[in-house]
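Heads up, the thing below is written out as structure tokens.
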Amino acid sequence: MAIKPGFLSKNPSVLVFLLVLAAFTLGVTLMSEAYGAGVVSTSFVKTLGKTLCLCLIAIAMDLIWGYTGILSLGHFAFFGLGGYMIGMWLMYARTREIVLGSQGALPPTPQELQDAIATQIFGVVGTSELPAIWSFAGSLPAQLALVVLVPGLLALIFGWLAFRSRVTGVYLSILTQAMTLALSLYLFQNESGLRGNNGLSGLQNIPGVAADQDHLSIWFLWASAGMLAAGYMLAAFVTSGKFGSVMRGIRDDEARVRFLGYSVESYKLFIFTLTAVIAAIAGALYYPQAGIINPGEMAPIASIYLAVWVAIGGRGRLYGAVVGAAFVSLVSTWFTGGRAPDLNLGFYTVKWVDWWQVLLGLSFVLVTLLAPKGLAGLVDLVQGLRHPNRGGDPMGPGDGSLREEEAVE
Amino acid sequence: MRHRFLALTAALCLALPAFAQETPPSAEVSSSEIFAPEAAGEAPALTGLAAVLATYSGDIAKPSRKTIGPVIAEIGAAGEGAPAFLAAWADKRVGQAKDGRFYLIEKTKDGYALTDPVTGAAAGTVPKSELSELKPNAGVRGVIASALVEFQLSDPDPAQRRAALDALARNGAAEHLEPLRASIETEADPAIREQKERLERLLTVRFGTSSEERVAAIEHFNGDLALDVRGALNPIVVITRKVFEGAAEGNVAQVLRVGKDLGEEEAYLLLVEAGLAPARLTASERRAVLEANIDAGAVAGVPIAELDDPAKRNAAYKALVAEGKARAALTEREIGAALAGFTFADVYSETDATVTAAAALALQAIDTKVGVMQAADLGLDALSLASIYFLAAIGLAITFGVMGVINMAHGEFITMGAYTGYVVQLYIADYTTSILVALPLAFLITAGAGVAMERLVIRHLYKRPLETLLATFGISIALQQIFKNIFGTQARPLTSPAWLDGAWMINDVVSISYIRIAIFVLALIFLALFLWVMKRTRLGLEVRAVTQNPSMAASMGINPDRINMLTFGLGSGIAGIAGVAIGLFAKVTSELGSDYIVQSFMTVVVGGVGNIWGTLAGATLIGFLQKTIEWFNPSNTLAAQTYMILFIIAFIQFRPRGIIALKGRAAGD
Amino acid sequence: MSGTGTLLEVSGISVTFDGFRAINNLSFSIGASELRAIIGPNGAGKTTFMDIVTGKTSPDEGSVLWGEMSQNLLRMNEAQIARVGIGRKFQRPTVFEDQSVAENLLMALKAARAPWRVLFWRPGAGDHARVEALAAQVGLGDALERKSGELSHGQKQWLEIGMLLAQEPKLLLVDEPAAGMTLAEREQTTALLVDLSKTRAVVVVEHDMEFVRRLNCKVTVLHEGSVLAEGSLDHVTANPKVIEVYLGR
């Protein structure tokens, strides 16, 4: 990429972020069971690795929503699709190993092998034929390409249709939500060829790799951290130059950008597709750590939670998205995991497993109302860079444009 | 042969009542003396059923199909208790006590509870050893059942006759035909007579003796949609696929040409099943043979490691065949030759060709009519779905249209309405009253919640629709969890009043449940109410003013804050009422609302914002669309929803602002 | 018409909003380097006319042709029209308030507009010099790094004009440039517009007669969506119909 030497110096937050990320990853590795003191359990390492993937998709969400002003409620669909694409290879190759391991006296012919794999994988949905979409499942490079191609193509087609007809604002949000719903409903069917509501499972076993989960979890942590770093730098690159100006211009006053001669639709489509691909890559790294994927993961609500993370972290700033995703998902794990102590009010005991959602919902409302800048606004407080309050006039005529009070550099 | 025997039995049944009275009591006395000496002295002369039972106790205890006919006829004519006795006898619920008397019995823990067959009074209990159960064989039971039908069909009580007809309609048999026909003549009730005639024809279709008789009965039903008609006709046209060495025999529906009507694979399988050809060599058989012949790491000279290649496997197998260790696989030519030697045909199991032809024709006519009716039924279904969507979406449309606010918590307001209905039913037992209380109460509660939400949250976020969407989503997840914490995750009952139970059956195909009709009416009421509020009241005028130009409205002395609050209250309140209505037929869980929320959004988006007719059009379009797609693929409602959403995405391409869109500058573009 | 040829040729356009005829069989043309003022009462269709030329609104009938090749503007979208060289300044100053003056100007600078090229585009020394020159020209030379939301209303107007200049358009459509400006700024604006019209076509929509008089150019009077009169300011102000509908209040 054409990152000029001055890129990092112009974007000091990138350097800080990369250093923090490297320190974190190294620290976890040194405390892990596989390579270090064994203070951090393998399951927690996996949680941290998954959290890094969620941070990556949060960056994608920040690009499309925080910078470009398109509230997409569909990016978890791309995340899930990415997971499905890699999951197909993982499951196929793993089943293939099992089938080969349990062969009879004769080595199986390719047809026999495929039939046996199909029976293993699809017995649960009552068929034993390998659907056409599994044609490339035996090849890792092909499925890796599909991780990018399938969500990218879906985003391209959907985005082209939606932006071409100038659907904007809440209409677009609802349309993306509908797309996500349609996709998850489609995948819930057994006929979709992806095992219906059973989803794909056993993804934590990497075919051809003898290492145990303790080691694998650390490898995936590194891979996730690496991809997050790459994603962060890419996002910083995209948002830094004139392209970033145009993105923020589209967010604040789409019509004005058009009259400057920029084809707003192409830009939106570009960003939409790019972020879909980033989301898909995040998903492809997430699900091998989660071990299982099913269509429920792609329900529209997941994408809305994504928006919640970015909003709580702070829109329009890359580190805000990362902080939000990491903070909310880790706190959520803590609360829902039953580890949080109950709160005894005397007349009623608050069990956090039951009340965490309520707390999340209400704190989200409060953040939207009182702190549009989210957690990242704290950074401004610390730096003393409070923006002058100019009465909160809109910064553009569009209903979705930023208000002055929430505009940040 | 059998028919003739039954006819005879029936004739006897009719003729015997008079004869029964004249039966000499001698046999009865003797049996009584033998088996019940202590009762003999004081016993009055036995009459009626008791007498008959006593007379034929030997035959009854050990009945034979050949001889039991007259006895049954006599029992049947014996008056009080006879039908119950026969029914119990056929059900193996009759026992004979040591004293030779018969009782209706019921097994208890360690014996039998007895009932006197004549009076129906309880007659104490006896231990198991004191009683032997009567176990008539199937043939005897058939005779008993047939006789029972005859008695029941002529029972003086119309209700009994109807019940007998219903039973016959469920499992009529050939032997019922004659008694049924016999009973038609004497039937006085015209409605029952009609029912009997219809049943007679149905039974004739199935069991009639001559083809003319059956064809006539079939033709009589031309275009009749009733399920029982189809139930009678369908078995007649059942076909089986058969192989013949020469020409096809029997009542042939269609001769199948191999390769055109019938695949070669399937045809050959038929041959194999019929034992007319050897099975093909399957892959697994070949594999087994190869495995069985492994010799020093190789099969017929081919190393095992190379046997993952199909060509090598073939070679190895051929070598085994040459060695005589395996049977040869059939060649394509051999299979072709085998198939050429036989005829394949679909053959009716019904042998009478005129009857099958008539039945096929009648079924075709019925199918056409059923198709039309199903379309009508689909239309009704779609209409009711559309009214549900309309009810669910109208509140959303109001807030979205007037205030530009997307309320993601709208679904939870629907849920709130349904739970209100549930809670009201906990306190008010009468379902009609409770629904009448629940409807306004749900409106008040959800409207209150809506106003509170508007005051506390939305008011601060006007002109920031995406933020509103997210804030209301936060409220939505909080509310949903609160519902779960209060009401649990399992479904709560919201019972509709009895007068809403059941369905309006127009015929066997077209029907619609009363609840759905009620929802349709409710939707109409809301449409009228909304139009009245908007067009005829001060509030409506102010709402329209604020919708079109808030700042101008404000300068005219309208308080937009108040209007927004009231609008939001109204929209939320309607959601509550929709919740009660939906809760009547759907499961009331904390996720009730979210099941409808996306469809509601779709309705609003497709219909176009800011116009009630748009919402109506959107709901109608989506309702009909969903039902139509379901019709094409009835087994898969998930697919129907998927395709519907895809259609909507495509639809937005052509009408980005909905069916009824504002144009020009007012659209705010 | 002057010998330089017609740059924009609008003929016979009409547009209706919900039964209201905003533009009624309007014809209009302007040469390649000409200054033109459009005046007319509220609702005369001035803004709608600009909307049609810039592609925001499409007319029900009529044609809009552009340049020597007579390209049909009605087949293009807003961005394409902007790229062929039509720049528009809005009534209300519309600049990207969240971004600095320099960023605003850089975005407007004539350069490739395709996403892929913009992504890898980085300003060179020439571009920086051009931005500085433009900023100096509109009096914002020392405000380059300031966020444009912090500028005063008049400064925003100037920034927007600067952005228009950066686009290097062949035709400038200017909607009420003098609104909210001080007297000195107005004079400055007049001078600038007159100066600009030497190298390109400029259409100014204005209410302020004094401002129009200072422009000293041909005037088109719009009324109820069509041309009521055309000529020098003195000529049209003498027109009795114009006096009736517009001036004689």
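As written, the chains take the letters A, B and C, and residue 1 is the first residue of each chain.
Here, contacts are C-beta pairs under 8 Å (C-beta built on N, C-alpha and C of every residue); 3 or more make two chains touch, one makes a residue touch a chain.
The model shown is predicted, which means the values in this text are computed figures rather than measured ones.
Taking the mean of all protein Cα atoms as the centre, the chain whose own Cα mean lies nearest is A. When chain centres are set by their Cα atoms, the one at the greatest distance from chain C is B. Separating the CA-averaged centres of chain A and chain C is a span of 44 Å.
Averaged Cα coordinates give chain B a centre that lies 71 Å from the centre of chain C. By the touch rule above, chain C contacts chain A in their complex via residues 54, 56, 77-80, 82-83, 87-88, 90, 92, 94-99, 103-104, 106-108, 113-116, 118-123, 147, 149-150, 163, 167. Per the touch definition, chain B reaches chain A in the complex via residues 283, 287, 290-291, 294, 299, 304-305, 307-310, 313, 404, 406, 408, 457, 460-461, 463-467, 469-471, 473-482, 484-485, 598, 601-602, 605, 636, 638-639, 641-642, 645-646, 648-650, 652-654, 656.
Those residues of chain A lying in contact with chain C across their complex are 2, 4, 238, 241-243, 245-246, 248-249, 252-253, 255-256, 258-264, 266-267, 270, 388, 390, 395-397, 402, 404, 407, 409.
Listed in rising order, the residues of chain A touching chain B in the complex are 69, 71, 104-113, 158, 161-162, 164-167, 169-171, 173-175, 177-179, 181-182, 185-186, 188-189, 191, 300-301, 304, 307-308, 311, 354-358, 360-365, 368-369, 372, 394, 399-400, 403.
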